[in-house]
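See the structures that follow.
In the two assemblies presented below, chain A is common to both, partnered first by chain B and then by chain C.
Up next is the complex of A and B:
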């Protein structure tokens, strides 16, 4: 056995220990709710908690709206910039990366000051207004991932040629976008959508500071008040992240498959 | 800075389509720009204006006059200490994240391990780098907390009392250990393509010239990877510097890092000076901004080699 390979295995085993022990620990802990035996009691408690259902559904709905909003903003822009304004691409790209530079807590701080009840756009004055603000905020958080996913999808098709071909056959812009561009970048949009979902579902800072009953604040509240239920929540959250990433992998693989056949 | 870059490109297309007749150009220009208007409006309202508002607020008195007093107000121990702690924890988790991430990525790409391990590792890294925030803190409490799995096993099987060794999850060390759970995977995701870019010929050339494995890494691979490594370090630094939820769920508010102080300040003005909150937020933007600038500059340099 060569020594580099030995060290590779050693590093891998150490990495596996570090990455799997917390997962095992979290799962084991979540089963301890009944004294002396393993049970799914903590999960039953969590799932039957009306607060869990309310906050989880709230976050799911916000995530769905965030995805729709994100796609509506990002997809036409990325398409248009590739087609008509290539010179603007670095600027757009720079803007889409800003949410990675500016800490989320600073962005939400800005919202609270800029859209409070005494401002020109008092979004935080009503619950619905705050919901809308939260959705826009999450779209900002997801912007880097959504834009990258869609832009990568657009790179693989020849936008200009396809559009010209459609135009010369008399297609309207609406037809071009819905029947031509969207189907071609659907897997890219799906990737962005599921990544957005994974980010939004357990988000804490925005929801907490805007005082919205999201799943993130609920988890923190549980963490301070219960022993075993938080571990069950962590398992559920990990499952959701894992599922989202799985769908993304599947979507990318399927789109590659399509391309080979063509 | 940001609104300047927004406004700057506007006149460019005039030069681009010079040969066209005048009337069509005048009609085409606004329409063309209308296509990005929704995006620009969105970015302006929910990203750029809120940030500018905070930055301006850092230089304003409550009455709106220009002042540097807020920034001077940062120089008190109750603000400086959290900044130092945050920088320390970000440097440490970024450094260790880079080191362990590089080792793991090198092991799966260059270490002669079966190919499926590499794919599995990349997939898992994609999940783990997104598994941050509140649930991650719970996972570590369930593992290394007072009643956590590892704590219990160490005590009952090996007779080691973790608490007696001075280890406490709700501490600097505990937070570092937890942050590494998303820092290392992020490093693996970013550095693996760079490692793939190391050409086999370079290694063969080094070996023909009589270099040992460690000499190859020290004198060929690492110098080539250096900009990528430093750049990723900067990215990981910013990543950890802005993280709030994990620390919050892990330590409550007992560990005073900057984002937690800012969180408390936004909630309840704990520093008793609203404009000091602006100054702290501005300080955070400056630090993550510098880190990202370093990342961007070094990445463009790294791309020269890795093609």
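Up next is the complex of A and C:
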């Protein structure tokens, strides 16, 4: 029998290998586009493809709108539930979890049925309408992550007392939320925002079924038609996700009052 | 004419009435403490004055204006909370300036006022620090400066010293009182600490079960409690059972001693009460009630020595001043203790 220390290290190494080996394998495979040598040819192919740029930019823009919409819906709701309706919290939590248990295909077919061209609100009748519908759909899809992130952020501050202190000094609800609550949960909002970003960038079902030129459908199309480029795309997608996480960390560190606290 | 009038104030949460027909008049510049045990309704009254709770009925009039219908941000009231409630994302200076900025005070005036406030609380150089870089006492002083910066009509203090250690508590309460006197601001202070209330208030409202049991100056509350609850809640009290033998003259028998209290009493048994400092060790002139007692615990508190003694079935607590030439009694000593009838309170049932 080895020492507990040895087995701790062994478990860590096994875990790291389990996580990193497929990535290393995928990265190695993505470099084999040229026969007999390693090169970044697959990456060049991907990055020079106009469709890559178009779909990626489209998804980035939709992701940004989704984040704004998500923050506008979730932050005031979570704040109000914490402040005035604490008994409703389990109900709200359950509702925010629904997108995890209802398959996206069910949600999107529901949307198509509700908002088709012969419905009372024919959003799918125009490209802009469908873009709006897609943004709303993504904000629903990201709800579990955004709500949890914001709620966790709110838990770290004494929402009720801070609100009352601000009210006693004449602050309106708008001032309280924008000047006090949001800055104090900024790192939580950023966490939720980057999770939303990561979800939207790779999402396939909504974009494909609403026939929008998203990055997800492009990745699937690429996977079905090319050999090395999908691996390069996957590595790029990982890079974007990790960059997002890095930005979260950076934003938390650069936030003045957090920096001092550490 | 009272500056702040609370009339027939009631508050119920569901079927529970937490404040019952509460009346209070506060003069401008007066320092009032709401004192009582947990759940007596003192914080609810304060929160209704602040506007955070809506009264079930009754009126709150500040400077001749009924404020019940006004929202908290329309009442011009400064409030200090137990948990400091400084905004973590703002520096000390920004915290103090927060209310002024909302009121639309210009930058120069705002900066001057922040400087003045920070100097007043003795922290002139900490304007650029964040709240968590300060100690609890410093944070609460900043909270006080922030509340006062907007020049409120009324200052409300909701157990502001409870989270602080004993030494800071004493120094900060002195500072609060000094600042309040200097600014002449009408103040309501909520506490469950009787020493705090007695030491800094102009008047105290002792609350129990949602009602004001007694309103009076600290001296009056301590020495002439109006009800049994006030007598027992404020300070330490010795309870002595007695038989009334002549109701008209107020003559009672305690053990074998008969004394006249000089006021009519109801026939039967009566509970008398006296403060520890009203009980003397040994015989003394003008103290005809003498009890034979055995010393129990002796607590040396420095200037004061608190002695526990048992006289028959009566447990007594008595305070004597420390005298270097007179050592305190020892546990088990047989002593005589004496009390003046004037110091005995008759507790109503």
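We adopt the following convention: the second predicted complex is superposed on the first by the 229 of 262 C-alpha atoms of A that agree within 3 Å, B and C clash if a C-alpha of one lies under 4 Å from a C-alpha of the other, contacts with A are read in each partner's own complex, and residues count from 1 in each chain.
The rule is short, and it goes like this: a contact is a pair of C-beta atoms (placed from the backbone, for glycine too) under 8 Å apart; a residue touches a chain by one contact, two chains touch by 3 or more.
Predicted model, so just to flag it, every value in this text is computed and none were measured.
**Q** Would you sort A:35 into first (chain B), second (chain C), both or neither based on which partner it touches?
**A** After superposing on A, A:35 lies clear of both chain B and chain C.
**Q** Scan A:245 for contacts with chain B and chain C and give back first, second, both or neither.
**A** It touches chain B, and chain C stays clear.
**Q** Hey, is it chain B or chain C that touches more of chain A?
**A** Greater contact footprint in residues on chain A: B.
**Q** Both chain B and chain C touch chain A; at which residues?
**A** After superposing on chain A, no chain A residue contacts both chain B and chain C.
**Q** Enumerate the contact residues on chain C facing chain A in the complex.
**A** That would be residues 50-52, 71-79, 81, 83, 85-89, 98-99, 102-103, 130, 132-133, 143, 146-147, 150, 156 of chain C.
**Q** Could you pull out which chain B residues touch chain A in their complex?
**A** Contact set of chain B toward chain A: 2, 5-6, 9, 12-13, 16, 32-33, 35-36, 38-39, 42-43, 45-51, 53-54, 57, 100, 103-104, 106-108, 111-113, 117, 123-124, 126-128, 130-131, 133-144, 147-150, 180-181, 184, 213, 238, 241-242, 244-245, 248-249, 252, 259, 262-263, 266-267, 277, 281, 284-285, 288-289, 292.
**Q** For chain A, which residues count as touching chain C in their complex?
**A** 157-158, 161-162, 164-172, 175, 180, 183-184, 256-257, 260-261
**Q** Quick one: in the complex, what on chain A touches chain B?
**A** Result: residues 2, 4-5, 7-9, 11-12, 15, 18-19, 21-26, 28-30, 72-74, 76-77, 80-81, 84-85, 87-88, 91-92, 94-95, 97-114, 136-137, 139-140, 143, 195, 198-199, 202-205, 208-209, 216, 219-220, 223-224, 230-231, 233-234, 237-238, 241-242, 244-245, 248-249 of chain A touch chain B.
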